[in-house]
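Shared between the two complexes below is chain A, which has chain B as its partner in the first and chain C in the second.
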Partner chain A sequence: MQGSSRLVLAHFWAAFATFAVAIPLGAWQMLVRSPLHQWIAPELYYRAVTAHGTTFAYVFPTLIAMGFGYAVCAVSLGRPMRGLSLAWISFALVIVGAAMALATVAAGKANVLYTFYPPLLGSPYYYLGILVAVVGTWVWIGLMVWHVRRWKIDHPVLPIPLAMFATAVGALLWGWTSLGVGAEIAFLILPNAFGWTSTIDPGLARVLFSWTLHAIVYFWLIPAYIAFYVLLPQAADGRLYSDKMGRIAFLLLLIFSMPIGLHHLFVDPQIGAGFKFLHTVFTGMVVVPTLLTIFTICASLEIAGRLRGGRGPFGWIAALPWDRPFVLASGFSMVMLGLGGASGIINMSYVLNSTVHNTQWVTGHFHLIYGGAVVIMYFAIAYELWPRLTGRPLAAPKLVRLQLWTWSVGMLLVTLPWHLVGVMGQPRRMAYYDFSNPALASQGVWVTVSAIGGFVLVFSAALFIGVLLASHRGPTAAISPLKFSLAVNPPRRLPKSLNSFGIWAALVLALTLANYGYPLAQFAFLGKSAVPAFPVSQNDRR
Partner chain B sequence: MTDVDQPRPRDPRFAIWIGVTAGLFVLALVVGFIWLPLAQRGADGLDLWSAICRAVGLPSGNARVSAPVAGQPASQVAWTTETRRRLAQGDASAGAAIAQACNNCHGVVGISADAIIPNLAGQSAAAIYKQLDDYKSGKRDPAVMGVYVSPLSDQNLLDLAAHYGLLPNPTGDTLSTQSSTSTVARRLIDVGAPLRGIAPCASCHGPAGVTPGAPGLRGQQRAYLELQMQLFKDGTRRNDISEQMRSVARQLTSEEIAMLAAHYSSIPDTGGR
Partner chain C sequence: MSTLPSDVIEESERRWAYVVAAVIGLMFAVIIFTSVHWAAQPPSNVETIDASRLHLAGEFVEENLGTAVQPDGSVIVRVIAQQYSFVPSCMVVPAQTPVVFRVTSPDVVHGFLIMDTNVNSMVVPGFIAEIRTRFEKPKTHLMPCHEYCSVGHDGMWAHVKVVDRQEFTKSYGSQPRASCAG
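Up next, the complex of A and B:
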């Protein structure tokens, strides 16, 4: 991979190592609050949730996006990456930051959950660790953007390869959106954790966090979408239906996933209803790139299916090579994306939101989208890259299929019951539920089902790690280099709007400022809403 | 520079997309900040400017109808930093001297001999002070206690609170003889009854958390506890700030109250307040 194999491999292994720890934690959390287990000390529960959330929000997907970004950069631009030492520095920052944050959590000094929830206050090392990791990713953003620019200067009239174009969109998106959480930590939480300020404004902290909270999900999602566009069609022996549609979808994601974060604060009394409406409207717009993607990918798959001899309105589906991991994973991913998308539309509508807000429904929604639809594509990407990185074919294709099956089944077992009990009113973030209470008893069976699903996921995760490990030991073989799907009509020239970022980046900037400007600025002049912090899980309570 | 492969320098898509986005923004502004706030319920007669202020979230724009504050506060005591500072200035030995007048009823060591008279030993000083002040101001029915507190100064009350707060807690032999293992009571204490809006007693009365001024209940006299909960329930006692205790008691059945009183009176106060 143009000399960046070690770099990519390091990112993926680091990611999967954290994954291997955080998945069993998740299953354990589900077990201890199910009817299958006695109540445990809430402190332990929140410690585990913080570790699980921190890993899966800040560490695991970030490392995957970075590693995949490097792979795409090397392969799609067709020349070795420059600045490898910077890339390693960035990697080291992420690892050091993550280790610092997670060690603090493991020590029980920061049971604040990954969303921080000021005025809850944990040890400063937890926040500092996350900040260091985030700063590490900024180096990656710089590298990605710099490579695209350099390539464009050398190839002024050629279209930027779609995979790289999308990677750059992901990098820009992350750069802009990570500023929210970065500012929250740097300007609100850390000064308080170090004792320089005596109060903290939870409202302002929430708004800053929401700045990050929606688009971060799209940052996690983009590698999966890239895989849909540039790897799936070819894995199914087909072609990408439209390259331009892909670019439009990624640009729309860039523009509309930022100025919408207030949909996480629909019940927040400090935000005016008008802004909630404004953000709802723009949230509606992010459905568009997802629909475009589903359309384009289905069309691409149809092309593949028909090329393979499928007939009739549905025959092409059966004709697809479902035994190939990439195709199988994508199929599962689409199903979960569809279900999760539907529950997402419920979340984003102001009125329905108040019914599901803070219930287990929400947890079900984001596990389905992210843990299901996105993470299964991370697996598929790893399976696709591994032979290219190790020079050995993937071990045990049957086990690979079993792994993908168990992951999807497990994730559906986990999340569908959560949606259900959420509608029944079960609150989220609870260390225990009293299922002996007749009013809650009927939820017990569903919570049990989802706890069992959690262990199916643990099994699947173990299988995944096992297959990757085994694939390092197989016999070396000649492996065809990684190639990206051809479009039906590969673009030879593109209009500026589909081949550059500058103006779009400016539009994102303008739109975010328009949508967030007042909700942020109001804290400067409206009544003081800062309160003393509430230190949790520290022996030295201030 | 007439390279045919050169992309056209001006791409109309920019203008179109930015125009559409801006149009959407303006439309959302008009709907969200003018139309909806004017159309929603309770907006009759709202002028445009107030409607916009309301949608923006400006409190002044919202306060079209000023909500009258009805009635009197539940108590003259407020848990300000000033109150806490004064509490720390109570002198326990001065309090012990004044307490001579109280010993007949509340017991020499703060453990009363009569189940209807509360124990005071080891009670939180904040709770004692607040109750004494409430008797003095008439916020809590002063029928019995009024005559004893009315001649006392604020400093006297602080001293008394400090004195009783320092006396040792009720121990095993002073406790009610019927020990209770009521699971109903324990559940209410640790979990509450979420569906009836009852927060766990332990979250306000300890040990899980302590609301300012919430008295300790462990080892308290059984009949006293039961009566007080009943008084909160029927609204006769109304000196709890923000109806914290009334809103709990209203939801409790008389059986539950009896079980809670039996339970609390049977467990020793292990301190920790």
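Up next, the complex of A and C:
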């Protein structure tokens, strides 16, 4: 892969190593708080939740996005990457930061959960580790943007290849949205953790965290969307319906996914009703790029199905090559995206949010979208890239299909019951529930179902790692190089707005100012709301 | 692929754009209608308080916590959420009466959720969360803290007892600050 194979493989293996540890932790958490198990010491539970959340929020998807970005850069621009040593430095920073944060968690010094809302305070090394990892990703952002610029200078009139265009969108989006949590750690938490400040403003910290917390999900999602546009049509023997529509969808994600984060704070007392409503409206707008993507992908698949002889309004669906891992994974992904998207629309509603806020419904929602729809596409990407990276064909295609099936079934078994008990009012983040209480008894059976789903996921994760390992050790063979899907009508020229980022970046700035300017500035004149920090305890005081 | 010229593709995309606009429009219409019709608004009062002095003076001193009947018959319930309990741990309110909860925290972020209702708020230290609601029927609701507040979080459950209006006046009317906490 233009000399980038080792780099990409290092990112993917590191990501999947953290995945292999964090998935069993998640399943264990579901087991110990279910009726199938005795109550355990809550400290251990929260330690495991912090490790699981920190891995899956800051480490695993970050490494996948970076590794996939390097692969796209090499393949779509068709020339070797420059600045490989910078890329390795960036990788090392992410690994060192992640190791520092996770070791602190493992030592029981930072049971703060991945959202670490102040004034609860863990060891400074936890936050420092996350900050180092985030800084590491900024090097990657710089590399992606630099390669787009270099390529544009050499090809002034050609459209930037869609895959690279979208990767640059993901990089810019992450660059802007990571500033929220970066500022929270650098200016509020660390000064307090090291004893330089005596108080911390929890309201301000929550607003800064929300700056990151919504758009980070799109940073995780963008590799999956890129795969839909540039790998899926080809994997199904079709063509991409519209290259232009893809660009528009990614640009809409860029401008709408960040200035909407206050929807996580709908029931927070430090934000006024006006800004909450404003963020509801913009959150509604972020549905648009997903609806455009669903249209374009379905149309591309219809082309594939008809080329393969499918007839009638639905016959083309049956004619698709569902035995190919990429097509199968994408089908599952779209089902989970549809269900998770519907539950997300309930979260984002200014009114309905009160029914489900911070209940298990929310956990169900983001596990379905991210753990289901997005992560299954990470699997598909890995299966597609592995032969190209290792020069060895994928081992055991039957097991690959079983892996994708079990992941989807497991995810639905885990998340649908969570939605249900969430509506019944079950709060999230509890080490145990008293199911002997008649008001909670009816939730027990659903919690049990989701715990079983957790073990289906562990089985699927083990299969996944097994297939990758076996393939990596298999015999070498001639492998066709990776190519990206062609559009039905590949664009020869594009308007400047669809081939550059300047005006869109300006729009992001303007929207951020409009939607976050006052909610942040208000803390300068609201009155005293800062409080001393409370170190997270090692055991409960009851 | 010559069977799919760009104008055919663009026409289909235009039709889809109408569908998208209709879906988003309907969503907003429902949200605006329901929030106006039921006057449903999340707690958004933006009111600060000095969290380190709660127990010393002002609205949240211990003898002021619990349910206070207002001259107009409505009630205000003042609650402190702290590691790892609510004070009072059992709140009593009359049914079919406007109820205002005023909640704050002296330590970390907590959650305030009355199960089987839409009462749901974050409790952020330094701020007072004010939630307006009304309970139709007598019933005892569970009230868990729904934000992680350190390792005793899972034990932080309280109760909200909704009683008939007459019964409330009879049993609790004489107390200046009513509660059902033992």
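Throughout what follows, the second predicted complex is superposed on the first by the 536 of 542 C-alpha atoms of A that agree within 3 Å, B and C clash if a C-alpha of one lies under 4 Å from a C-alpha of the other, contacts with A are read in each partner's own complex, and residues count from 1 in each chain.
Following the convention adopted for this analysis, a contact is a pair of C-beta atoms (placed from the backbone, for glycine too) under 8 Å apart; a residue touches a chain by one contact, two chains touch by 3 or more.
Quick caveat: nothing in here was measured; it's all calculated off a predicted structure.
Undergrad: Record, for the superposition on chain A, whether partners chain B and chain C clash or fit.
TA: These partners clash in the superposed model.
Undergrad: Let me test your reading of the model: by the given contact rule, A:L416 touches which partner, first (chain B), second (chain C), both or neither?
TA: neither
Undergrad: In the superposed arrangement, does A:L507 touch chain B (first), chain C (second), both or neither?
TA: So A:L507 only meets chain B here.
Undergrad: Using the touch definition from the top, say if A:M285 reaches chain B (first), chain C (second), both or neither.
TA: A:M285 contacts both chain B and chain C.
Undergrad: Regarding the shared-chain residue A:V449, is it in contact with chain B (first), chain C (second), both, or neither?
TA: In the superposed model, A:V449 contacts neither chain B nor chain C.
Undergrad: Is A:L31 touching anything from chain B or chain C once the two structures are fitted on A? First, second, both or neither.
TA: In the superposed model, A:L31 contacts neither chain B nor chain C.
Undergrad: May I ask you to decide whether A:L86 touches chain B, chain C, both, or neither, giving the answer as first, second, both or neither?
TA: Neither: A:L86 stays clear of chain B and chain C.
Undergrad: Going by the contact rule set out at the top, does A:Y518 touch chain B (first), chain C (second), both, or neither?
TA: First partner only, chain B.
Undergrad: Once the structures are superposed on A, label A:A106 by its partner contacts, choosing first (chain B), second (chain C), both or neither.
TA: Neither: A:A106 stays clear of chain B and chain C.
Undergrad: First (chain B), second (chain C), both or neither: which does A:P495 touch?
TA: Only chain B is touched by A:P495; chain C is not.
Undergrad: Between chain B and chain C, pick out the one touching the greater number of residues of chain A.
TA: The partner that reaches more residues of chain A in the superposed model: C.
Undergrad: Which region of chain B runs into chain C, 113-121, 149-157, 239-247 or 257-265, after the two models are superposed?
TA: 239-247
Undergrad: So chain A touches chain B in one structure and chain C in the other; where do those two contact lists coincide?
TA: 270-273, 276-277, 281, 285, 437, 439, 522, 526-527
Undergrad: Touching residues of chain A toward chain B in the complex: what are they?
TA: Checking each residue of chain A against chain B gives 156-157, 255, 270-278, 281-282, 285, 434, 437, 439, 493-499, 503, 507, 511, 514, 518, 522, 526-527.
Undergrad: What part of chain B is in contact with chain A in the complex they form?
TA: Against chain A, the touching part of chain B is residues 3, 5-9, 11, 13-14, 17-18, 21, 24-25, 27-29, 31-33, 36-37, 52, 54-59, 187, 191, 195.
Undergrad: So in the complex, the part of chain A that touches chain C is made up of which residues?
TA: Against chain C, chain A makes touches at 42-43, 45-46, 111, 113, 115, 117, 119-120, 201-203, 206, 239, 241-242, 245, 265-273, 276-277, 280-281, 284-285, 287-288, 291-292, 295, 299, 303, 345, 349-351, 353-355, 357-359, 424-425, 427-433, 437, 439-440, 488-489, 522, 526-532, 534, 536-542.
Undergrad: Show which residues of chain C lie in contact with chain A when the two form their complex.
TA: Chain C reaches chain A through residues 1, 4-6, 9, 12-13, 16, 19-20, 23-24, 27-28, 30-31, 34-35, 38, 40-52, 83-84, 107-109, 111, 113, 115-116, 118-130, 142, 144-155.
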